[in-house]
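One chain, subunit A, appears in both complexes that follow, with subunit B as partner in the first and subunit C in the second.
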Partner chain A sequence: MSSTVLKMIGIGKSFPGVRALHNVTFTAYAGEAIALLGANGAGKSTLMNVLGGVIRHDDGKLEIQGKSVEFKNPKDAQAEGIAFVHQEMALLPTMTVMDNMFIADFPKRWGAIINRTEMRNQCTEVLERLGCRISPDNYIKNLGTGDRQMVEIGRALLGNNRIFIFDEPTSSLTKGEKDNLIKVIERLKREGMAIIYITHFLSEVYDICDRVCVLRGGEVAGGGLISEVSMNKLVRMMVGDVKIGDRGSERNTAARKPIFQVDELNRRGVLENINFTLNKGEILGFWGLLGSGRTETARAIMGLDTVDSLKISTWKDDRLTEVSTEFVQHNIGLITEERRVDGLFLPMSVSRNMSMANLRNIRKKHSAVIDRKREAELSREFTDRLNIKITSIEQKVETLSGGNQQKVILGRWLEVNPDILIMDEPTRGLDVSAKAEIARIIVRLAKEGTSIILISSEIEEMMSLCDRFLVFNKGRIISNLEYGVSQEELVGLAAGTADASKRVMA
Partner chain B sequence: MKLKQLSIKDSLFKYGFYVILFGVILFFTFSAEYFLTFANINSLVHAAAPMLIIAAGMAFVVFTGKLDISLGSIAYLSTCIGAVLMKNLGFPPAAAFIIVLLSGIVLGGINGFIIVILKVNPLITTLGTLTAFRGLGLILTQSFEIRMPEAVRAFGTSRILGVFSDVWLALLLLILLHFIHQKAVFGKQVTALGNGEEVCLRLGIRVDRTIFLTFMLAGFLASIGGIVSMAQIGQSTTFLGKGMEFTAVAAIVLGGISLFGGEGKIIPGVLIGVLTLELIRNGLNHLGANPYLYEFVNGGIIFTAMSADALKARLRGQVILVSDENT
Partner chain C sequence: MSNKPNDDGLFPAVDQQLLSLRLKRLVQRAFPLLVVVLVLLFISLLVPRFFHPRNLKNILVQSSTLGLMAIGMTLVYLIGGMDLSIPSVMAVSGIMGAMIMKSGGSPVLGVIITIAAGAVVGAVNGLSVSFLKMIPFVVTLAMMQVMSGISTWVTNSVSIAVPLDYIDIILFKIGELPLPVYLFVTLTIVSTYFCKSTIYGRWLYAIGTNLESSKVCMIPVRKTIFLTYTVSGMFAGLTGVLLTARLGAAGPLMGSSNVILDVMSASVVGGVSIYGGVGSPLGAAVGAVVITVLNNVLNLLRVDFFPAQVIKGVIVIVFVAFDSFGRSHRRQG
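On to the complex of A and B.
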């Protein structure tokens, strides 16, 4: 039944200093989902940007339903029925959900006036289809990351599209939202649409996709029907041989020595009476659903949000002493989940971005001048260690692939080497080998005595790394569990189905 | 999903501008004798009419996250063209004014061209045309004042239902522009631009075209403001429109329209901003205060409003969703 909808033939694209794509041939069929896989920087987003009209390719040609096409801009691509869910969300924060969905193509009356009734109906219908309960009149700036992603997906479902590009759509969705998305994709497939699905979660590929195409270093490394490729083979196609960074059952068993303590953290409507202690060399996991207060707690500790009450103490002179926000900001590293908003200086170089938190330590002796040679040395060391794919350390961060941007933030804090490190979704958007590398680094840091608070939505990652878990639910800590707890119990507690009362902290 | 907001701070920002307006009115009502009379309010709004129109044009530019500081000069140059046509070539006022309006559009288009095609920063562009346009006007009129024909002078002081005609005109335009901003595709695209041009490009919005149109619209409105102002004074003077662009920016910020782009409304924003400034000027006059005091007070207000704007942008990230549902 499957007829060819899209053919990209011999696509090549070079950026100054990198060949992002070389002779890539890619085919998508009606009624099927094809997974586009590859390590960070393999060229997935670039290939899709070509298809979406965002960038022009150097070589090769595009055919849609047998007809040769050329896209000068995203509008041309939209006109051919290509819907694009971007990896870095393309949203307008000061506008409503409804406006965001229709901005490229409003339903109109008299040529120029927006038909709001029509718009509202279509919008409500799409949100319902996605099982998303936000109102069309909500402003994007008031929505969390997961809901924003749903809006982005909703936009793709409008209109008469026949090719759907999803570039890492699930990276900030909750389990329920993911399931809904899968249902929507199933339905699109039944309607004869072609789906292109980019992800780093290989299990999703087996749930959703019929075919797979793997890119490696900008070239096609393999592909075929998903039923004929094993997961191991996929991984090997993507990155060669990797050792997944599991800690096994080895855990930090040394006597616990508190190094950091939070007391009475309250923020009306968001956080309620958060108290906890972090021990030296410990990996403490914050577990919970999206919006349960994990990220908010991290932000509050770093002084990024105003709170109603908070007391922070660290270990100094043999006892826990209360410290100021300023002290915290200088001595605790934060790796954020919203890399584009909170973390990176996009138009600046990799090297400058990495040294940003470490400027105090790379000054020339007895002066305020930054030692550029030292800066470069350190940047080179950490780009190597993290295997960041760049042409030079002077490359601008905005031109890196999504996953490589995330690594730059990690590198920044590894350079500083603080005693306490908070990592909020440090591996979001990273490929398998990078994830393993990060896991190894986390374990090594902890061994060397760094205390780490880890926030991650990937249960396997949490299970394999953490010494202890704090479970968050609706802005409160409902449980404090040691390593050894079962995966089911953690999931149940977060969802509020398991009985937490026995384990509530004093 | 429950939406919890920082309610006190939020409402302070939302209604702070009304509080200022109300405070100003209250203050002058009690300290200046004839302040709150119909005659005074009528003449006050009359005096504000040109600024209402020009500030509305500025607001559209600001919605896109840019500034156009050449608007006062556009008002001047376009009306100079009209005045010269009437005086030297004997054009009837109606024909001359049509050409004034066209000039406004063209001058705004020149700004648009430099910004969109030559990719020059908008502030630099309009800083250049601010001087250049005024210079052209001075050459054109040889810096003489040109008296308006009687018909035009009559319009400047005519009333409908007791209220000055130009006030009606200004209000009508404001309502129309508010409608365009809120309900028309163009208005939404302008707001979208204020959220970032790169995102807009990805979304398939015709960014260049929209910027171009916005500057033309601002130029067009500046020329209307110029005509109204010229009719009020009864002649084309060399200081027509001078400094208006800065007052317009001040009024806009005061009206809660964010200079970062993408936020704010024509009504009540522009209305409140312009009227508050005019009230202060008028009130200080009534108190017999030193005219330069107004400049000082004005500066203070701009500064306060700007800090509030910046603070609001900082607090933006702090509204948080609390999820109730299980997944």
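On to the complex of A and C.
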């Protein structure tokens, strides 16, 4: 039996209108990884924020290696060897990878001059340990989400830490990066470190963790050695009984009627000759590795990035007619992948965030005045439908849990209910039951005639929802496959290892 | 926690608690303003002349010009921009109007030209910021330079007198107070309603809060930014109309560069954030009154110009500090 490194005893924390934690006792051991699980808003991030010194708890106490400690700020926690990889990234986009890693504590020469050689060496070493190939001199703003996440993790690996907190680290990592992270964690465990691992992917828990602790509504719902708990039992502890939604093999087989077509989309160095058609009521999956051009295609269609060429047509008067980007912007919804950067208005209320794309439709008659009553009604309807955990629709979005923030964005577009909806990683950060619920909603929308472009890095989700797949590789569409294709083939194509001879232009 | 509507279907039951929370937030935000008002009240007690009706009326009249500029500035602050050119634009438009009237134009034409001139310069600012993607600070600073240059150049530093009937119209008295005061109050109400209750107002807050998210929400971001600067220019022009009438002439000194400090002070003291997305025209209007009172008191106490500048500068810094402090207390993670 390994030794206890960390003990959190009887932790309680309340925010206005909500008790986020109540009498939570949590223990971590040296050389072991413990999974911290729970539904969206269960209090996982809050508990870790207490441990990381980000917020102060109301009740309870913390012990590190038997010694009682008290953290007034994140620095205090760091001094005790606690490294925190946050759920939401906090990097400085205009600075380099290296600078970001060392920003809190630059290695110095003669007390004041930054020692860049030392920095570069340490940085390269850490990046190698993580097995990722980014240059220390690259700017953060040029990196994709996955790489950014690696930088964030790299930062935690610097210095003398003994407790590592990972708050949903893999939600935006590729398979390869995930495998590397698992290796790094294995190594940290062998070195006698204590790992706390938050995730919504239960399979990862079995790969990585030795123990588990489940929170539910801010209280401990159960826990123990992972080898003694089945996955079903974990799910029940987290959310009670749920049916995991699957579309089965039922697919949209009605005669296909094109409603939207993209031609000759080019953006130098990023996208090359993208052409495809979207049919009515279809769920079209964009599949590919991170950075293969899926997100970029979505953004180009919405006119968010400048492109070299693009032709968009929609179905009008019984044929496809070319339309302006303006038209597109008013008739297509986009759920972006980075909710905090280009999705939410953090200091605004839930209600305002949800109505923001729908303001034109909730005007009072013949005026530009917003119908507040209608706004509130709709917000309430959709927060209920999506089961968003809030104290009131006036709660600020920045105080919601990560998963609930994601649901707010979903709610925003359900409110608008556009004919075409592009969803980029719509279930990122959602718990199992929420994921199932979203899957059900996507299927229902498609049945009602909405055409959906789905981008997701989770192969199971793609396999269970999509009618058709476009496989992206290095900025091009290399394949157009129907439902029924095997998982192996999809994975192989995306990685560029499988034969793309089935290449068909949509 | 659930949020089922209660009987009247309007407010969820848990709102009781949140109402007190909101009250607390309001008090928190208004706190610095409250302190300033109390301090000013205290000081003004030391200056008996302060409460003389003529002085109070004077304060209202002076607030109206400062206030209108502050409202324009507030709209620009809301979208996360800034407009340093307001006072100089105000001077140039006033001069334009005066020149038109001098060469025989009617007062009505004078008013139209003055406001239009402001709008045109505002539109140039807006074009540079929204479509040419230039930095507001640089654009409007340069514009301020250009406008001060023009106003000195075309007038040879000599004020241009305006016709008496123009003054009579603009300063027309209703009851005890002249037209500008009513205009100020009306426009404060209208623009506050616009910001708080219309789609376009909501867009301003959205753009200032998160530009990228705004684009994704199908808000016509560039058009809105462009129009906001144009409107700011119009407010500057309108101020030009009122101030020219009050001074009886238009000249380059009207828009001297220390006016911009007063405009900024009025907005930030009124709770408008220079980081965008927070504040309201009403706040700025109250701020304008506070700053005018401050000027007035400093004046009555015979504080010299330069120490007065120092005092006002410090006030702005303190308020901006309050603002940033509030922001850094955001939750992250």
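Definition applied: the second predicted complex is superposed on the first by the 503 of 506 C-alpha atoms of A that agree within 3 Å, B and C clash if a C-alpha of one lies under 4 Å from a C-alpha of the other, contacts with A are read in each partner's own complex, and residues count from 1 in each chain.
Simple rule for what comes next: a contact is a pair of C-beta atoms (placed from the backbone, for glycine too) under 8 Å apart; a residue touches a chain by one contact, two chains touch by 3 or more.
Computed from a predicted structure; not experimentally measured.
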Fit or clash - subunit C, subunit B, common subunit A: clash
Touched partner set for A:Gln329, first subunit B, second subunit C, both or neither: second
Touched partner set for A:Thr391, first subunit B, second subunit C, both or neither: second
Contacts of A:Gly269 with subunit B and subunit C, given as first, second, both or neither: first
First (subunit B), second (subunit C), both or neither touched by A:Glu282: neither
Contacts of A:Met95 with subunit B and subunit C, given as first, second, both or neither: first
Touched partner set for A:Phe345, first subunit B, second subunit C, both or neither: second
Subunit B versus subunit C as contact partner of A:His86, first or second or both or neither: both
Touching partner for A:Gly17 - first (subunit B), second (subunit C), both, neither: second
First (subunit B), second (subunit C), both or neither touched by A:Asp305: first
Location of subunit B clashes with subunit C - one stretch out of 133-141, 151-159, 169-177 or 187-195: 133-141
Intersection of subunit A interface sets (partners subunit B, subunit C): 54, 86, 90, 304
Touch list for subunit B against partner subunit A, complex: 1, 3-6, 183-186, 188-189, 191-192, 194-196, 199-206, 262-263, 316-327
Interfacial residue positions of subunit A with respect to subunit B in the complex: 52, 54, 73-75, 78, 84, 86, 90-95, 99, 103-106, 108, 112-114, 116, 133-134, 138, 141-144, 147, 174-177, 268-270, 289-292, 296, 304-306, 474-475, 495-497
Of subunit C, residues touching subunit A in the complex: 1, 3, 5, 10, 12, 14-15, 17-18, 21-22, 197-200, 202-203, 205-206, 209-210, 212-219, 277-278, 330-333
Touching residues on subunit A, where the partner in the complex is subunit C: 16-18, 45, 49, 54-55, 86-88, 90, 167, 302, 304, 329-330, 334, 336, 341-348, 352, 356-357, 359-360, 363, 367-370, 372-373, 376, 380, 383-384, 389-395, 398-399, 412
